[in-house]
Structure formats: structure tokens, C-alpha cells
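Heads up, the next two complexes both have chain A, just with different partners, chain B and then chain C.
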Partner chain A sequence: MEIFLAQWINGISLGSIYALLVIGFNLMSIVAGVTHFAYPHVVVLSMYVIWYVLGATGDNAPIAILAGIGSGVAISLATEPIFRPLTARRAWIASFIATLGLSMIITDAMAHGMHAGRVIPFPTSFVGTVPVYQLGVATLFRGQLMTFIGCISVMVGFFYLLYRTQTGRAFRSMAENPFVARLRGIPIARTSRNSYVIAGLLGGMSSVFLSMALRYASPALGNFLALKVVTIALLAGLGNLRGGLIAALIIGMVESMVTGYVPGEWAGAVVFGAMLIAIMARPAGVFSQEAQSSG
Partner chain B sequence: MAKRNSVLEIEDLSVSYGPVRALTHINLEVNEGEIVALIGANGAGKSTLLEAVLGINDINSGTIRFLGKDITKRPTDWIVASGICLVPEGRGILSLMTVLENLQLGAYHLKANFGERLTRVYDRFGVLRERSKQMAGTLSGGEQQMLSIAAGLMSAPKLMMFDEPSLGLAPVLVAEVFKIIVNLNREGYTILLAEQNARKALGIAHRGYVFETGNVVLSGSAQQLAGDPRVREAFLGGSMK
Partner chain C sequence: MPSGAVVEHFLIEVAIYYILTWSIYLNYRQGHLYVGSFFTMGLAAYLTTFAIRDWGWPFELAVLTSVALGAGIAFLLALRLGKASSFANMLGSLAPLLVFQVVVRNLEFLGGAMGLFAIPKVGYLLPFTLGAAALVGLAVYRWDHSHLGRAQDVLSDAPEVAATQGTTAYKFAVALETAAGAMGGLVGAIYAPFVGSISPHGFNFGLIINSATFLFVGGHTTMWGLVVFTPILWGLRIFLPSQAASWTLIIYGTLLAAVILLRPEGVITRQVLRSIRVNSQALVERLKTVRANRV
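And now, the complex of A and B:
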């Protein structure tokens, strides 16, 4: 029971971070038209920014958090000129390859240029390893609680933007039918750029929560997260925002439970195996409806 | 009839899709208060012309003026904001969004008096008010066409363009849509209508242009065109489907 509770807490916190990453990834995919494999790599890069700023400011958390979020937006916007010419002529595969290239460059830069490629641990004052609630071996740490509350708040904010504002409606119209969106007078270039800003914002905030929940970052983390994010998005149906959220929470939970109950390092195999079976059963995505717009 | 103000002037317009010439040296004019019909077979260039006006197609040469202003190289969102809307062929709606959201997006650039315009549109199309919270994709074909027109009206257009509004609709609904167009015109909307159904189109239009493989081959008043032997043979003959 205690292990179950502990893994449940882990799973929720992990799943909610996956969910943020998948939402940002899906947003890029449906509005900007980029299947952004390097999206999680950029997030890990922001984690390095947080770590550097923490070191430089004597563990000043607010400044580090702002730097992490700001770097997420800045890097996202900086990549827009790379992808724009490709998406403008609907070169989907070329833009995907470009993101693969970007992911390798970021991984290499982290492996060779930053902290000599060693794992960077986040200071305990930042990750909040203060127990908030304890039941036997099950401990709810402050960092986990903040991650969970933070992710939920960000998601609520994002879905409010998406469903209650004109910017969000513009996003959804471009996702569903770019031609009709254009006829309505939606400024395509500006709306697309806005999606880079929002995806960067989500990525920047994910980097903060990841730093708190994982308590470390490494050059390999980008690839690890990217595989998860891409597979969760495919599992739910590429571009399906609500489906992606639910799938992310489920995967986070399953992964955490397998880690807790199955001996050895089987979490990856079990999770990806389950995903393969799900994709075989529903190739368009588990949460896809008949007319769901896809890639 | 006194000479009215020109709303749309197209001069020597040519458009290509890659190596394929879609429109060749088109000259065309729409005056305030008119219904102008573009007739011709599928692929004759009618849709290309409407999309060129809205800045969707790349233009090779020529100029398009709207209310005296050159809009030839302007982006689509600028042109829509300046007062031209297109009710496209097929379903010009966002089927995964609600009826209300479709109308809100129709007014993308116009924030002032949104409620007032929405009330007017709902008064005109009562069924849309009833279904405002429904996904647009769940509407019937006729209702979707009305939503498409309503979304255009939300942008407070000075020129409304219709592309094959009768396509895929049952005859009863076709009559309904044409009645809506006539009513809009009576209320002062200037209309440019591309339609394969030449009989219907010339029946409500003031003037018309006949398109054939990217060229205007004939133009004149609707009565002249309806009486022209070439038009009768090609588009109005009893042997036509």
C-alpha cells in the first residue's frame, strides 16, 4: 500500500510533466506544422540555463525560474526562422529532419560544452526535498507537490487560452483547416509565431518542473524525453491536445508503477511495448475521432 | 441606370499555378450594389479569380483595386479586414468548433459592436442561434452553408464573394441560398458570385462574365447573356444535365 502510494505520487508528478511537454509538442505540430522532435531537448537546455543561473546567483530560485522560462521562449522563437521556410512549402519531412538535426546539435553541445557533459544536480534548496506528507516509505516532497500544482495550473491556463480567447480560437482554426482560417482573416504568420511563443512558454515552465521533480539533468535526458513525448503524442493521435494530456498522465502512472513493482530496469520496455500494442490496435491514435486532423 | 461607384476593379490580371496558366489577362469590374455573376465550366478559372482577389493565389501580373485602393500584393488578413469576404466552395466552416466560435472567428479583426452584429446574424439565421453551442460539423448541409455565409457577414464586408454556393445542396436549399443572396443584395451588399448553374446565377445577377479556360470570353448584362446564343448553347440548353 505504501509503495503503491509512493509510486502513485511519483506517477502523477511524472505524468503531469509529460503532459505539459506533449501539449507544447502538439501545439507546434498543429499550428506551426512542425513535428518538433527537438522540443524536449530545448526544454533540457533550459534546465541547464536554470542550473547555471542558480550557480551564478547563489541559488536565487525566482531569478533562475524566470531565466528558465525566458530561455524557453527565446530559444523557441529563435528556431522559427529555421522552420518557417520549410513549413511554408509544406515540407513536413524536411522540417522533421531539421528538428532531428537540432536535437543532435543540442545534445552534443550539452555533452561537450556544458559542465563537461557530466550530470548536473540541482541544489536541494531548489528542488524542495522537504517532506510535506509522510506515510511509511511514501513521502510527498514539496518539489513533487509544487510540480503537480504548477503543471495543473499551467494546463488550466493553457486550455483557457485555447478555448476562451480569440488567440486560442485562431490556433484551433489553423489546426483544423488553414484555408478557412485564412478566409476568416486570421493572420497566419503572426498566429504561427504566437504558437512558438506559447510552446516556448510551456517548455520553459516544464524545465522548471522537471528540475524540481527529477533533480538532475544530463545530455542524454533530451533524447529520453523526446522518445516519450513523440510516442505519447502518436499514441493519443498526433495533434490531439486533450488526448495527449490523458495519455501522458496514464503513461507517467504506468511507468511509475512498473518501476515500483517490476524488478530490474523494465519500465521502458513495458511502457513502449504497451504503446506499440495500442498503436497497432488504433493506428490513428487511441483518442482519435473520425475527422481528427493529423500530421 | 446612373454610373455607380466601382467596388472592385480588376485590370489585366494573370495567375499561374506553376507552369499552368489559370487566368489570362482578365478585366473585370464590380460596382456598388450589384450582383455580378461569373459563369463557366468547372476549372474555367472562376474560383482562381475569387481567391486571387483575396490574396490567396500568387499573381503574375495585373492589378486589383478595391474601393479605389490597390490591394494586389496585400496579405489575405489585410484584405479581409478591409472588407472583402469569400464564402468558399463546399463547407467553409470549422466543423470541430462551435457555431458561436465560427462566428467569433468571422469577426477576427472587428472587436467593436460584436454583440450587435451577432444579434443581426442570429435574427437572420434563427437556426444558428438555437445551435450556437453545437459543433458546426453536426449541422446539416444547408445549415452549414448558412453558417458559412453568417461567418462572412460577421466581418462586416463591403464586398461578398460566393464560390459555387449551390454545390452539393438539394434543389430546395439551392433556391433558399439564392434567396439569401438576393436579400443581402437588396440590403445593400455588393456581390460577386461564381456559379456553374448559369441559369440560376443569371436569374439573380445584374451583370455577368463568361469564363472559358482562364479567359473572359463574353460579358454583359444578365439579360444579354441569358439571351446570347453561345451562352444558351453552352450553359442553358435543354440538353444540359
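And now, the complex of A and C:
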């Protein structure tokens, strides 16, 4: 029971971070029409920014967090003009390949120019290893609690923005039909740019929570996260925001339980195996409306 | 000046990439970014290792078995993946490779993360590999210029027209994914004795990234783009000074993103080929006229 509880805490913490990443990824795919494979790489780059700022300011967490979020928004926004031609064409595969190129650039830049490509450990004062609650082996650390509360707050804020504001309505219109949205007077370019800002904001926050949850970053982390995020997005049905949220929590939980209960490192096999089975069973995505109506 | 061994090594690597990248090219012609051949390559490499090292099989038998295994497994997967959308098809074909890596890493009798060593060398591997690449290239050329190959073009350019003409996307997908699986099997059988030791790390995402770069930079609308650009781009790693060669991933990434954004069909397009053909025919005619005048 204690092990189950411990893994449940880990799973919820990990799943909620995946959820943030998938929401950002999906937002760009439905609004900007870009399948942004490099989005998790931008998040890892922000983790490096956090690490550098922590080092430069003597572990000043608030400044590091602001720097991480700010860099997430800045890098995400900086990529917007690059992918604008693909946004106009709604070129899914082409945008995936172009962002694959960007991911290669970011990964190699981190491997060469940042801490000589070595793994960066985050200081314990930042990751919050103070136990908040303990039951046998199950320990809820301050960092995990902050991650969970932070992710939930960000998600609530995001869905409020999406369903209760003018910007959110513009996002949903673009997702539904960008051509009709243009006819109805929605500023396509600005809405698309806004999606990069919001995705960057979500990415920046994810970088903070990931730094706390994983306690390290490395150049290879980008590809690892990207494959997870794309897997979850596809399981949910590409562009399905609520489905992505549920799928992310399930994947985080499954990964955590497999790590806790199965000897060896089988979590990856279970996650990617689940993706394969899901694609074979429902090629349009487990949570997508198309799949539900047809399957 | 590179030594003979380096050149031999380079030629085999280029031939391997030709076959792997053609396996992507064949399927991308109908809009599927199918990467299942990298999975069958991994399977075949392990099978070949056991076959020629432990079971005493002749290399040729190991090659034939690997090709059959690759085709068989790809066929079974294609029965479902063939129905998936482009993006789902890509991830569905990537998933088996990711699962395979985790499984091999966790199973000691497959060498675990360290891999398998002391794979016997094959004396005639260079001519065999070049011959295999030439044969595959010839088959791809014949396919491109056949009625079926042209029908496949219609599938990607005008799917509704293709459907009214009775061209079934699903049957094409199953057939070409099976062919790609066989090509992966062939490469795996060559790869194992070529490198002498294999590990799950050798069949990583980087292989796919390289092939994708060669295909999309070279041009994905003809089979010749990758023929020209694979040796050029792969050669950067080997023939550039080591300091510059370590930045090849950034060069690849920049080229990939730039080509997709600025020249979506790649450098060598059908139009480029046509103009080369017309110009060369004109040159031959001019030479003939000059010779006739001289006589």
C-alpha cells in the first residue's frame, strides 16, 4: 500500500507535467497548425536557463523561475516567424520535419555549449526535498506538492482562458476552421502568435516543474520528452486538449506504477507499446471524436 | 587523404543509408512518413548476429532470413498501420523500435544495454552491400516508372481522383510498408557484421533523423535527391576536420529546417531532373553536330 501511494504521488506529479507539455503542444498544433516536435526541447533549454540563473544568483529561486518562464515565452515566440509559412499551409508533416530540424539544433547547441553537454543537477534548495507528508516509504516532498498544485492551477487558468475569454474563443475558432475564422474577422496572425505565447508560458512553467520533479536536465532529455509528448498527443487524438490531459495523467501514472512494481526499466516499453496498440486499435486516437464515432 | 579502410567504411555506410532512406521515400510518396524499417533493421541485426556467430549459419542464409523476417513483421503491422493517418502511421511505425530498444536493454540473453560482441566479419561485405544497394535502387526506379508507381503519385496529389480510379491507399500502404520492412531486414543483416558489435543504442532515433535529413534536403519527390545528398551530408562527419565535424547535427538541423521552409520539395525536384535531362540532351545534340561538321 505504501509503495502504491508513493508511486501514485510520483505518477500524479509526472502526469501533470506531461499534461502541461501536451496542452502547449496541442495548442500550437490546432491554432498555429504546427506539429512542434521541438517544443519539449525549448522546455529543456529553459531548464538550462533556470540552472544558469540559479548559479549566477546564488540559488535565488524566484528570479530563476521568472527567468525560466520568460525564456520559455521568448524562445517559443522567436520560432513563430520561422514557422509562419507552414501555418498558412496547415502543413502537419512538413512542420513536424522542420521542427525536427530545430530540435536537432537545440540538442546539439546544448551538447556543445552548455556545461560541456554534461548532466546538470539542480540544487536541493530549489527542488524542494523537504518532506511534507510521510507514510512509511511513501513521502510527499515539497517540490512534488508544489509541482502538483502549480500544474493544476496553470491548467485551470488555461481552460478558463480557453472557454471564458475572447482570446480563447479565437483559439477555438481557429482550431475548428481557420478559413472560416479568417472570414469572420478573427486576426489569424495575432491569434497564432498568441498561441505561441501561451504555449511558451506553459512550456516555461513546465521547465520549472520538471526541474523540481526530475532534479536534472541533459541535452538528451529533449528527445525523450518529445517522444512522450507526441505519444500522449496521439493517444488522445492530435489537437484534443481535454483528451491530452487525461492521457497525460494516465501515462504518468502507468509509467510510475511500472517503475515501482516491475523490476528493470520497462516503463518505456509499456508506454510505447500502449501507443502502438492504441494506434492499431483506433488510428484516429483513443479520445478523439472521430475514433469514438467510428470505433 | 582518407585511407582505403575509411573509404570502404564510408561506402558501406552510404549504401546502408541509401536503402534505409529509400524505404522512407517509397512510403512518403503517398504521404506516409513510415519508419518501421528501422525496427526491422534492429531485429535483423540481432537475428544475424546469433545466426552467423552462434548457430554457424552462412551469411547469405542469414540475409535471406532477415529479409523474410523484416517483410513478415512489417506486413503484420501494416495490416493495421496501413489504415492510420500520416502522423499516426509515423508514430505507429516508430513505436516498435522504441519498444524493441527497451526490451533488448532489459534482457540479458540479448546482451542487455551492453549489446553483443565478436560478430564475425564477412570478407566480401563491400561488394555485397554495394550490389544490394544497386538492386534496391533498381527496384525503386522500376517502381517509380511503373503504372503502380504513378498511381501512388495520384494517391498523394489527388486522393479523391485515385479513389474514383479504383486505387486503394490501404493496399498500397500494406505493400510498400512490407517492402520497407524487407529493406530494413536487409540492412540489419549487413549492419551486424559491418560494425562487429551491436547494442540497442545503435538503433536509436538518430538513425531516423539522419535518413530524414538526407531525404528531405535531397528532395522527396524523386529517388535521386538522396542519392546525391547522402554521401555529401554523411561525408561531412567523416571528411571535415574533427572540430567542425562535431557540429554536423546543427548543420543537418539548419539545412532540414531551411529546406522545408524555403524549398519544400527539397533540392533535387522532378523539375530539376527534367531540366538536367533536357540540357544534357541538347549538349549531346550539339556535340554530335560539332563532330559531324568536323567530319
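Criterion: the second predicted complex is superposed on the first by the 285 of 295 C-alpha atoms of A that agree within 3 Å, B and C clash if a C-alpha of one lies under 4 Å from a C-alpha of the other, contacts with A are read in each partner's own complex, and residues count from 1 in each chain.
The criterion applied here is as follows: a contact is a pair of C-beta atoms (placed from the backbone, for glycine too) under 8 Å apart; a residue touches a chain by one contact, two chains touch by 3 or more.
All values reported here derive from a predicted model rather than from experimental measurement.
K.L.:
Please indicate which partner A:S71 is in contact with in the superposed arrangement: first for chain B, second for chain C, both, or neither.
P.N.:
Neither partner.
K.L.:
Give the label of whichever partner, chain B or chain C, reaches more residues of chain A.
P.N.:
After superposing on chain A, more of chain A is contacted by C.
K.L.:
Once the structures are superposed on A, label A:N26 by its partner contacts, choosing first (chain B), second (chain C), both or neither.
P.N.:
The answer is neither, since A:N26 touches no partner chain.
K.L.:
For A:G273, using the defined touch cut-off, is the partner it touches chain B, chain C, both, or neither? Pick first, second, both or neither.
P.N.:
Second partner only.
K.L.:
Under the stated touch criterion, which partner chain does A:H112 make contact with: chain B (first), chain C (second), both, or neither?
P.N.:
second
K.L.:
Is A:N10 touching anything from chain B or chain C once the two structures are fitted on A? First, second, both or neither.
P.N.:
Neither chain B nor chain C is touched by A:N10.
K.L.:
After lining up the shared chain so the two structures overlap, which partner does A:F96 touch, if you call chain B first and chain C second: first, second, both or neither?
P.N.:
Only chain C; A:F96 stays clear of chain B.
K.L.:
How about chain B: which of its residues touch chain A in the complex?
P.N.:
54, 56, 75-77, 79-81, 85-86, 88, 92-97, 101, 104-106, 108-109, 137, 151, 155
K.L.:
Which chain A residues qualify as touching chain B in the complex?
P.N.:
166, 169-170, 172-173, 176-177, 179-188, 291, 293
K.L.:
Which of the residues in chain C end up touching chain A in this complex?
P.N.:
31, 33, 77, 80-81, 83-88, 90-92, 94-96, 98-99, 101-103, 105-106, 205, 209, 212-213, 216, 246-247, 249-250, 252-258, 260-261, 264
K.L.:
Can you check the complex and tell me which residues of chain A touch chain C?
P.N.:
Touch residues, chain A against chain C: 35, 82-83, 85-86, 91-94, 96-105, 107-109, 111-112, 223, 227, 230-231, 234, 238, 264-266, 268-269, 272-273, 275-276, 279-281, 283-285.
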